[in-house]
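Across the two complexes that follow, chain A remains constant while its partner is chain B and subsequently chain C.
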Partner chain A sequence: MGFLRRVWRLISANGGIYSWLTLIAILALYPLLTPSGAALLTATQLFMLITVSSNWNLIGGMTGYVDFGHAVFFGIGAYLMGILVTVVPDYILFSPQLGFWQALPLAGLGAMVFALLIGVPTLRLKGPYFSIAMLGTFVAMREIIRLLKPFTGGGEGLDLPPVLNRTRDYYFMLIFMGVVVALMWWIRRSEFGHSLLAIREDEVGAEMRGIDTTRHKIIAFMIAAFFTGVAGAFWAFQNTYIDPDVVFIEQRTVEMVMSSMLGGLGTVWGPPLGAFILYMLQDLVWANFYNLHLFILGVLLIFIVLFVPEGIIGTLGDRSSTSLGRLLSRGFNRGERTMEERA
Partner chain B sequence: MNTASPYLLEGHKITKRFGGLTAVHQVDLAIRPGEIVGLIGPNGSGKTTLFNCLSRLLPIDEGKVIFKGKDITRRKPFQVARMGMSRTFQVIRVYRKMTVLENMLISRQWRGEGLLQMLRPSHPDTERRAHELLDFLMLGHLKHELAGRLSGGQRRLLEIGMALMPDPDLLLLDEATSGVNPTLIETIKDRIRALNREQGKAFLLVEHNIEFIADMCERVYVLNFGELLAEGDPQSIMNNEAVIEAYFGA
Partner chain C sequence: MNKILTLIAILAILGGVLAACAVPGGGEAPAGGEEEKVILIGAAVSETGKYAREGGDTRKGYLLWEEWVNNEYGGIKVGDERYKVKLIMYDDEGDPDTAAKLTEKLITEDKVHFLLGPYSSGLTKSASAISEKYNMIMVEGNGASESLFVRGFKNLFAVLTPAGNYTESGLKAVADAGAKSVVIAYEDTAFPTSVAEGAQKWAKEYGLEVLAVETYPKDVADVSGIMSKFKDLNPDVFVGGGHFNDALLFIRSAKELNFTPKAMIITVGPSNPKLVKELGADADYVIGPTQWDRTMSYKDEYFGTAEEYAQRFEKKWGEEPTYQAAESTAAALALQIAIENAGSLDTDKVREALNAMDVVTFYGPIKFDETGKNAGKPMGAIQIQDGDIVVIAPESAKQADLIYPMPPWDQR
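Our next item is the complex of A and B:
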């Protein structure tokens, strides 16, 4: 632990600027160093996981609203991309055939608008009630997509224009991840970020001190949905094919939650670190014990909950961390508070 | 401010029920700018509930609340806070995992809420005010201490500091001296007086400590079983038969 602490201090200190520059240089040059398309794809997927986990962490970790259906925004982004760029309109009613760069922001905006619509009712719910409402939203959306066959291709899915360019994908995702992580870092230091943490730690107290809690929660939710939607849109384009069962997978949300928990819920660097470890671990497990891989992930989850509830960075002393248990018990503590106040 | 009314805060016939229990029944109360008013009553008489109604934490069943001449009965708590009514809590609500200074910065003056505005770090004026208030409350040396590590009395002071951050005109303090050692109680008294005299801030104080009330307040309201039992200057309240009965009788 002492060693880890020292490494961490090195990275987080200002002197760590050189470590950062080195890391950025390595990441920027990586495609030139490796000729293997598979290695680039792996790295791109890791960047994607870091990106979506960081966004999940904005609403789940920093604001304290544990979203068990966050992949719905990924799915909406993916489907908007699919519908907007599809070239073969034989089963699809509406297809403006936009280019990738035109469709990308629209997909993000679509996810964001959906976050506004669904957030207004669900963000009133506390603790596990919100989590379950979002899980329900996710499952419902998968079925809606399946039913809207004329637009979405239903169960048969959509074919996107096949464009294979691993190097371009790599750089796109690298920069996108950089933007998202930098934004999270900035938010954490802003008044907005302070207010989000205050809402997480005591929402009633925050409201009584003049914070418009509803507005803050919805803005955080919309930001998290926008970038997750863009990530989903990118994924659809890169994958060149989407259907409800490859897009709307529960495991996408589980990975976001686990990355954040493993690294440290509510911290800026927790999700990137957690995603990195999770990805390496998954790779290892997939390669060696394919049949056991879900089992091993489950065991890991239990391990985190029992032994490092505040994640690695939380355990190393980052005060903005919290644990899933605390967040999920919120709906139940509220009553007690008022009871206490009666004394 | 509405010139028609001499009052900063008015509660008209406030009633609050919890299921079958009427915790506050038809209570009228009014506070002038710059006044220090006490609110006393036996345990469970509805003092905290009345605070919750006035500060909009709880929706009220009947009656209305007027603050600075505006009807705030339907406003949200954060709006009321920004209008200049701050409060503290009987069960202390400080952010234990944040430092004393960070706690102060949570509560602040609101200068508009465009997203870009909110995305800036704390304003230097806000930080300056936080430092000044912490010194004023004698918490200056604890700025970088976690709030969770303060003593009960220091936390009460911190809550008062947080309530003062937005520069309110009225402060509602719920049992600000409970669990506080006698020296710190003197500090709290002294600071309340200074705020009242030098800045004209009005206070509504809920207290167990009758001496504290007698010492500090110009006027006192007495609640009993959710109803207003008496109102007047501390001396006449102390000698009021009904009040004595409610506190010590039967």
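Our next item is the complex of A and C:
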């Protein structure tokens, strides 16, 4: 243990920046190291999970409004992409058929506008009522998309141009993920972020202290919706076809929630870490325990909720309230002290 | 906090390195088959998830072919040599993301020579986009939606009759028997939509007047609204496009409302013996399209007759083959015939052989049109007569004549 602690101390004192540079270099060069489409697609899917989980965490973790229907923004983004690149010219004569890059931000904006419309009434609801309202929105949207047949293709869905480019997708999602995580990092430190935390801890108290809670909540909701919408639009293009049943899957929201909980609700690095572990576990467990994989993941989830409710980052952090967290945090600090004393 | 960041960074690097190490390891395995002459064929097919049952049938069809071609047939003939087949199958869980990832894995890591299709039109859509990108041939037997074949893919071949032709032989049979008008109801998803569009086309072709077309959402619980509307129109023929449960709903609802068209043509349900078990005498006289039935009179030099195929299937798996299983075996067989005709594993040559193919198999004729659809195979039609499923069309495969019109519900 002593040796490990010493190594750990060394790395954390000097190696932090180098670790990060190495990581960034590896990620940037990854397509050159493994030119396998499957490996790139796997990484791209992981980046996407990190991105949407971070966005869920903004509203669900930092603001404390647990959103059980967040995938609705993913779906709206996906459908806007589908409509903009395939259907539009049939209906608006003067609009040229949009390409991937033009449709991407428009899809995000569409999701954002929807977040504004749906957020104004639902964000006034507290606790489980908001969660249920969003779940309802999610399910309702799936049916609405089905009914808007002239635009959405109804249950038959839309076929996007089958232009696949895994390397382009990889770099796009890598940069997109970087932007989103950096934004979350900034928000967490900004006044805006602190206001969100204040709303989570005590909404009435925050209101009394002069925070315009409704405005803050809606802005956080819209930011989360924008990036989730762009991710959805990207997914639609990558999958080359969409229909209500492949786009509006409850599992998407579940994955966002699970990643955030596993990593640590309301923390910047929780969702990325949680998404990483969850994705790797799914892959690993799937490959090695063929028929047991769902069972194993389920047991793991129960374990997390029961024993590590603050997530990994929360438990390792200084302000952990669980006994395991305090123990770990003491262990780290003691290690540092002894090193300092020796030095 | 910084410590935690560093920890994450190290973990991520370790993860990346591990992943990078794992990839080449997976790719090398097939190289060992150099001396033994092996053709690698890959497929991502559901074993769990929402398509677990149909995907299971698809897998059984593929595995039956693999066992037969290796042990009994002695391997695929390529020129003067015999190649054993190694079938690599993964479970896509019915999830499009997993399906895409596994298809990529089969192509770029396992380095398969050819692909067989997944189960369902949706998964075939995303998988075929990937195989097209890598210029890999995919022969499939479980994606019937017409929209698969309008994307201009040159590497996708489907042995099954496309959804648009499902009702052709049924409508022709009732039109020949004197029917004049038709109403259509279908579920608003990809496959039934194609069926219904085709039904309208064929109705026109055979001189039937389409009185009404109605859609209903997926997982509908009640169709009595549609059926009572149809009753007022008093049509000769009712066409229902949907899945097994919808067939139950249509028949029950028609009986309750005493709506008696002269014929009912319903997709998916009637060819399944479970419908008779559920409905008893009410299922009688219902007509259904079928891709394949063991009683059909097709045969080939590989599996023998359709009946012999069915017996082989029963012996191996202990259950009757569904048409999903038969069309999966047929897809693999079509690929085998194309490789043998081409005398090569070269993608371009095998594609040429597929385009030129014109054979009759235990599953029916296989002849691909320029979009990759099987234009050669007519859809069969069955009618439930006295609790038995009997083939009434096409002429070449039929066992009994169509009973038309069907008697009213209270006279059975």
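Quick note on the criterion: the second predicted complex is superposed on the first by the 286 of 343 C-alpha atoms of A that agree within 3 Å, B and C clash if a C-alpha of one lies under 4 Å from a C-alpha of the other, contacts with A are read in each partner's own complex, and residues count from 1 in each chain.
Here is the rule we go by: a residue touches a chain if its C-beta (ideal position, glycine included) is under 8 Å from a C-beta of that chain, and two chains touch if they have at least 3 such contacts.
This is a predicted model, so every value here is computed, not measured.
Contacts of A:D245 after superposition on the shared chain: chain C is touched, whereas chain B is not.
Applying the stated contact rule after C-alpha superposition, one finds that A:A198 touches chain B and leaves chain C untouched.
Once the two complexes are laid over each other on the shared chain, residue contacts for A:L41 go to chain C alone; chain B is not touched.
Of the two partner chains placed by the overlay, only chain C lies in contact with A:G155; chain B stays clear of it. Contacts of A:M280 after superposition: chain C is touched, whereas chain B is not reached. Residue by residue along chain A, chain B and chain C are tallied for touches, and C comes out ahead. No residue of chain A is contacted both by chain B in one complex and by chain C in the other.
Residue ranges of chain A in contact with chain C, taken from their complex: 8, 11-12, 15-16, 19-20, 22-23, 26-27, 30, 33-34, 36-39, 41-43, 45, 143, 146, 149, 154-157, 159, 162, 164, 166, 238-241, 243, 245-246, 249, 251, 269, 272-273, 276, 280, 290-291, 294, 313, 316-318, 332. Listing the residues of chain C that touch chain A in their complex gives 1-13, 15-17, 19-20, 23-24, 27, 48, 91, 95-97, 100-102, 104-105, 107-109, 122, 125-126, 129-130, 132-134, 145, 147, 150-151, 153, 187-190, 193-194, 215, 217-218. Against chain B, in their complex, chain A makes its touches with residues 186-187, 189-192, 194-195, 197-198, 201-202, 204-213, 215, 219, 319, 337, 340-343.
Only residues 43-44, 48, 55, 57, 76-78, 81-82, 86-87, 89-91, 93, 95-98, 102, 105-108, 110, 113, 115, 118-123, 146, 162, 165-166 of chain B touch chain A when the two sit together in their complex.
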